[in-house]
Amino acid sequence: MLAKVYVTPKKAILDPQGKAIALSLHALAYAEVGEVRMGKYLEVQLTGLSHQQAEQRVEEMCQRLLANSVTEDFRFEIVEE
Amino acid sequence: MAPSPPVDLQLAHDHGLSTDEYNQIVQTLGRSPTFEELGVFSVMWSEHCSYKSSRHFLRRLPTTGPAILQGPGENAGIVDLGEGLAAVFKIESHNHPSFIEPYHGAATGVGGILRDIFTMGARPVASLNSLRFGAIDHPRTSQLVKGVVAGIGGYGNSVGVPTVGGEVYFDSGYNGNILVNAFTLGIARADRIFRARAAGVGNPVIYVGSRTGRDGIHGASLLASREFDERSEELRPAVQVGDPFTENVLIEACLELMQHDLIVGIQDMGAAGLTSSSVEMADRGEAGIVLTLDDVPTREEEITPYELLLSESQERMLIVAKDGCEEAVKAVFDKWGLQAVVIGEVTDDGLFRTIWHGEEVVRIPVPALTSEAPVYERRAEQPSDLVQRQQLDLTAFPLPTDYAEVLSTLVTTPNIASKEWVYRQYDSLVGGNTVVQPGSDAAIIRLKESNKGIGISVDCNSRYCALDPYRGAAIAVVESARNLAVSGAKPVALSDCLNFGNPEKPEVMWQFTQAIDGIRDACEALELAVVSGNVSFYNETDGRAIPPTPTIAMVGILEDVTQHVTQWFKHTGDIIVLLGETHEELGASEYLAVIHEQECGVPPMLDLEREKQLQQICLQACRERLFSSAHDVAEGGLAVALAESCITNPHSALGARVSLQGDLRPDALLFGESQSRVVVSVQPDRWPQLQELLQSDGLPHTVLGEVGGTELEILGHLKISAASLRNQWRAALGRQLT
Amino acid sequence: MKWGIVTFPGSNDDRDAWYCLEAVLGQEAVLLWHKDQDLQGVEAIVLPGGFSYGDYLRAGALARFSPIMHSVVDFANAGGPVLGVCNGFQILCESGLLPGALVRNRSLSFICEWVSIRVETTRTRFTSACSAGECLSIPIKHGEGCYVADTDTVQSLTDNDQIVFRYVNETGAAERAANPNGALHNIAGVTNPNGNVVGLMPHPEHAVEALLGGEDGRKLFTSVFI
Amino acid sequence: MLAKVYVTPKKAILDPQGKAIALSLHALAYAEVGEVRMGKYLEVQLTGLSHQQAEQRVEEMCQRLLANSVTEDFRFEIVEE
C-alpha cells in the first residue's frame, strides 16, 4: 500500500521558489504561465494496514512530522498497488 | 538476473581497454578473465586510477623536505606543523561529473576530498575550490555556475567544514569542459596518522557507511548494450548523489573510532569504490584480501557482483580492524546511526579475491592491478601554432584614451570582479578558526591548539599556461606562494591538480610535461615540496582540449597567527609602496584579452631568485608587523592591484593618491602583469624600518603615494571614485550570471 | 555556571558553542547527546547551529523528536534559559517552544556574512546585559532563515515584547535593504512570553573573539551568568 | 486551467531525504512505514490554452526546467478549475 502525500505552502506564506520558477518560465517565453506554487510530494510505502487504519495513521504522520502547520497545508491519498 | 555477457576482445574494448592491455590481462591470469575481473582490470588500469600516462613524468616533482611527513602515494599529503600537530591536505578534480550534473557533481567532489582527509585521522578544518567555466555569456555557463556553487555549498555547509577560499575563472576554452577542483585541509596529531594498509592475516575487513547502489558504474555504455537491453531503465547506472548528513556523522564516527586502538588501516571508497579501496589497501600492506560480496549492504535488489565491485556510491569507507575488535568497531558506528558490516578478511596469498553465492568470481594477483599496471611514456610535441600565438606587436594596439574607463571595465570583467556572489553562499566560519575569510589574497585559519596559523591559496592562470605551459605553471606555483607570503604565511608545501586534454595527443602531452617541469623548477627555487595531487586528462570536447590548467593549492604556516596581513588599505595617511619592478609586459594579460580582445604573446618573465627574495622580505615584514596591507599584483596589473587595495575591504572603500614613474607605454605601466610585485601600505612611523629592510636587502621598490580620500587617483592617468568602483566591482559577477 | 550544548546528528556549531563557553568565556560546558534524556544538571542550554539530520524535510523538523528534546522542553517550561542559534532556532520553532517558523531565504541561496542586529528588548535571559536599541555585529550563515508567522502571532509578539532582534543597516534602521533573508519585519530573533527561551538566526558564538572578527556576541552569554 | 506536476527522484538515484524521513517515522513508532521517497509537487496556473496545447506545453516545461532529466522523473495532469 502506498500513501501519496502532497505538502503545499499556505496561501498566506510567500513562496519564493514558486515565484522564481514562474519567472524562469516567463523568461523561457511560456507567457501562458500564471502563478506557480511549489510544494513537496512524498511517497510512503505502508504494510499491514487496512485502508482505514492507513488513512488515520498517515493523517497523524502529516500532523506530527510531514507538514508544518504554520507554513504548510497537506493532503494525501492511499492507493493499493 | 541477466547473465553476464561473454568476455572477449570486443567487450574489453567496450571497457576502454586496448588490445595490448587485454592480452596482458590474459597473459597475467593465464586464462581469459571473468566478466567481473574484466571490470576490475578496466577500472584499476583506467587513466584515473592507474595514472598510466602521467606516472612516469610525475616522478620529476620534488616531494620531500624537512617538514614533509607524507608525500604523494597516500590519500593525502602531510606537513609537520610542530607542537605535535600535522596538516593533511589534497586537491582533487571532479570535472566530468560536474559537467553532466553540476549540483551533484560538485557536491560529491567535496564529499570525496573530505574522505581523503579524515581517512588519515585528520579533522577537516578548511576547504577551498578552484572553478573554471566557459565564457560568461555562453548559453550554459550561468546554469553551470549556479549548479556547481550551490552543490559545493549544499554539501560543504551541511557537512560542517568551512569553505574559506578558492578561485573562479571564465574562458571560452572551457565551454565544453568545466573544471571543478576541490581542496580540503585537515589537522591531525602527528603521532596519530592512519594509513590505508591491509595487514595482519585474518584481520576482518569492515564496510561502513551508506549502502551500495548502482551509482556511477563505469561500464555505463556496456550495461546499456545489447546483452542487457531487457533490463529496465532503472537498472542503468545512476549519477552519484551525495548525502552530506551521512558524511557528517561518518566523519565523527571515524574520528571517534581512531581514538581507540581498534584498527589497522582505513580507506575511503572513491573512484571504483570497493575494488580500488580494497586493492590499494592490500597493495600497500603487501597482503591479499578476500571479500564476500553477498555481505555488502545494498540499496536495491538484483545488484550484480560486477555492479557491487564497480559502484561509486558515496559516503562509504573500508576498514581493516584488529582481529576481535569487530564488535567494538560496530558499537562506535552504531552510536552514530551507521552500519558496519564484516565483508571479508586479510589474506597472505597476495590475491584480490571476491566470492559471490559461494563462487569465486574474481581471483587476481594484487600487483597485476597496481605496480604492474601499464605505464606509458607518450609522445610529446610542441603545438605547431604556438610560436605564432606567442607573437605580439604592441605597436598594433592604440593606447586607450580614457584609463578610468579601462579600469572600471577591468574590475567588472568576470575574472577580476568580486567573487562575493560565489563565496557568500559558503559557510566560511563554521569550526571557529577562520581568521581571514574569502576576499583577501590567502585564507588564514588559526590552530586552537597553539598560536600558529595556516595560510592557504589556490591559483592558476591558464591563459599563461596556454601560451607557455612551462612558465605558466611556474607562475602558478609562485603566485600561490606569493599570496601566502604577503599574508604572513611561510609557504611549505603544495598539492597540485593537473587538468589537461587527451594525453594520447602529443601536443597535450607536451603541455603536460612542460607544466611538470615548470612546477618542479619553481618548487626547487622556493624550496617547496609537492605532497599530494591529482591528474585529470581527457578534458576535451569535439577534439578541442581545455587550456592547460595545473591548479596549485599552496599551504603555509604563520608561527604567530596575529601577524597575518590582509590586502586592503587600512588607514588614511599610510605610505603606499610598490615592491618589485615593472617591465613592458602585456603578453597574455587580462588587459589585452578584455580591452583588445587578443590572447597572444608570452606571459611575463619570471626571475625565481627575485621572487624568492621578495617573498622572504614580505614574510619578515609581516613578522615585524610593518605592513598595514599587502596585496600581490596579478591579473590587471598595478592599476587593478591598487584599485583592489582601495575597494576590497569588506566594509567600505578607501581612496589613494599615487604617481607611477617609468617610461613604459602607459598601458603596460598600468595594466601589465610583470611578476614578483607587491603593493603594500605602511604607517609613516614604520616606514623607516621597512625602508631599511628593503635597502639592506637590495629589493627594488618605489614609493607610489599615500592612502586617503574618497578617490583613487593615479596622477596623469586616472581619477575615479573608490566607492563607485567598489559598487561596480561587487555587483559585476551576479549581474552577468542572470 | 554549567552549560549544556546539545549535539544532534548533523549539528556543526556545537563544538564552536562549547569552545566559546568553555575556552573563551570560562564557563563549565558539556555536550549533551541527543539520544540521552539526562541534562546532567546544567543551568542553561544551547541548541547549536548546523544541519541536524541534514535539514532533511524541513530544517529542525527531525531533530525535534530526539529523546533529549523532552527534557529540554521540560527545562524550558520550568523557566530554564534555552538559547537556539540558527538550526537551534529552527528546532525551537518546530517543537513549539517558540512561535512562527523559518523558511527558505527570499534569495533562495545560502548566505554567509556579518550583519548588524538591533536589540529590541533587554528583558530576556540572553539580552539583559545589552542596552535597548544597541546594535551588535554578528555573522549569519543559513539557507532557511526567513522568519514567518501569521498576523495574529506577529501582533501578539509585538504586544508582548517578544521580538528580540531585528536586522538593521549601519545607521541602526530596520530597513528592507538590511534584511538578508526576507524575514517578516526584519525579525532576526524572538523569545517566549517568559523571556527564558530565545531563538535567533545569527551566530553569537562566532562573534566572541577579536581575532575572528568581533566580540559583540559575548553579551548574549554573559547576560545569563553576570 | 491548472497543471499539477509531480517530480520524483529516479528509482536508482539515492534519496537521502526520503531515507532520513523513513528513519524518523520508525523512531516515532510507525513500524508500518517502508521506503519513503521525497519529490516535488508543483501547481502551475495556465491561461488561454486548449487542454491539448497545455499537455504539450507542460511536457516541454518539465523537460526544459521543472525536472532534472539526469536525476528525476516527472508526471503531470491538467485540470480545469
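Miscellaneous remarks
Labels for the chains are A, B, C and D, by order of writing; each one numbers its residues from 1.
Definition applied: a contact is a pair of C-beta atoms (placed from the backbone, for glycine too) under 8 Å apart; a residue touches a chain by one contact, two chains touch by 3 or more.
Since we're looking at a predicted model, the values are computed, not measured.
Comparing the chain pairs B-D and A-C, the larger number of C-beta pairs in contact belongs to B-D.
Per-chain Cα centroids separate chain B from chain D by 36 Å. Averaged Cα coordinates give chain A a centre that lies 29 Å from the centre of chain C. Centre-to-centre, using mean CA coordinates, chain A is 9 Å away from chain D.
With each centre defined as the average position of its C-alpha atoms, the distance from chain C to chain D rounds to 34 Å. Across the assembly, chain D contributes residues 16, 20-21, 24, 28, 38 that each touch 2 or more other chains.
Residue positions of chain C touching 2 or more other chains, listed in rising order: 53-54, 56-57, 62, 65. Counting partner chains per residue, chain B shows two or more touched chains at residues 243, 245-246, 337. Viewed as a network of touching protein chains, the structure does not reduce to a path, ring, star or complete graph.
Contacts from chain A toward chain D in the complex involve residues 6-8, 18, 21, 24-25, 28, 30, 32-49, 54, 57, 61, 64-66.
Per the touch definition, chain B reaches chain D in the complex via residues 100-101, 104, 210, 213-215, 234-241, 243, 245-246, 299-300, 313-314, 337. On the side of chain C, the complex with chain D involves touching residues 53-54, 56-57, 62, 65.
Partner chain B is touched in their complex by these residues of chain D: 9-16, 19-20, 23, 68, 70-71. Remark: chain C residues 57-58, 61-62, 65, 93-94, 100-101, 103-108, 146, 148-150, 182 touch chain A in the complex.
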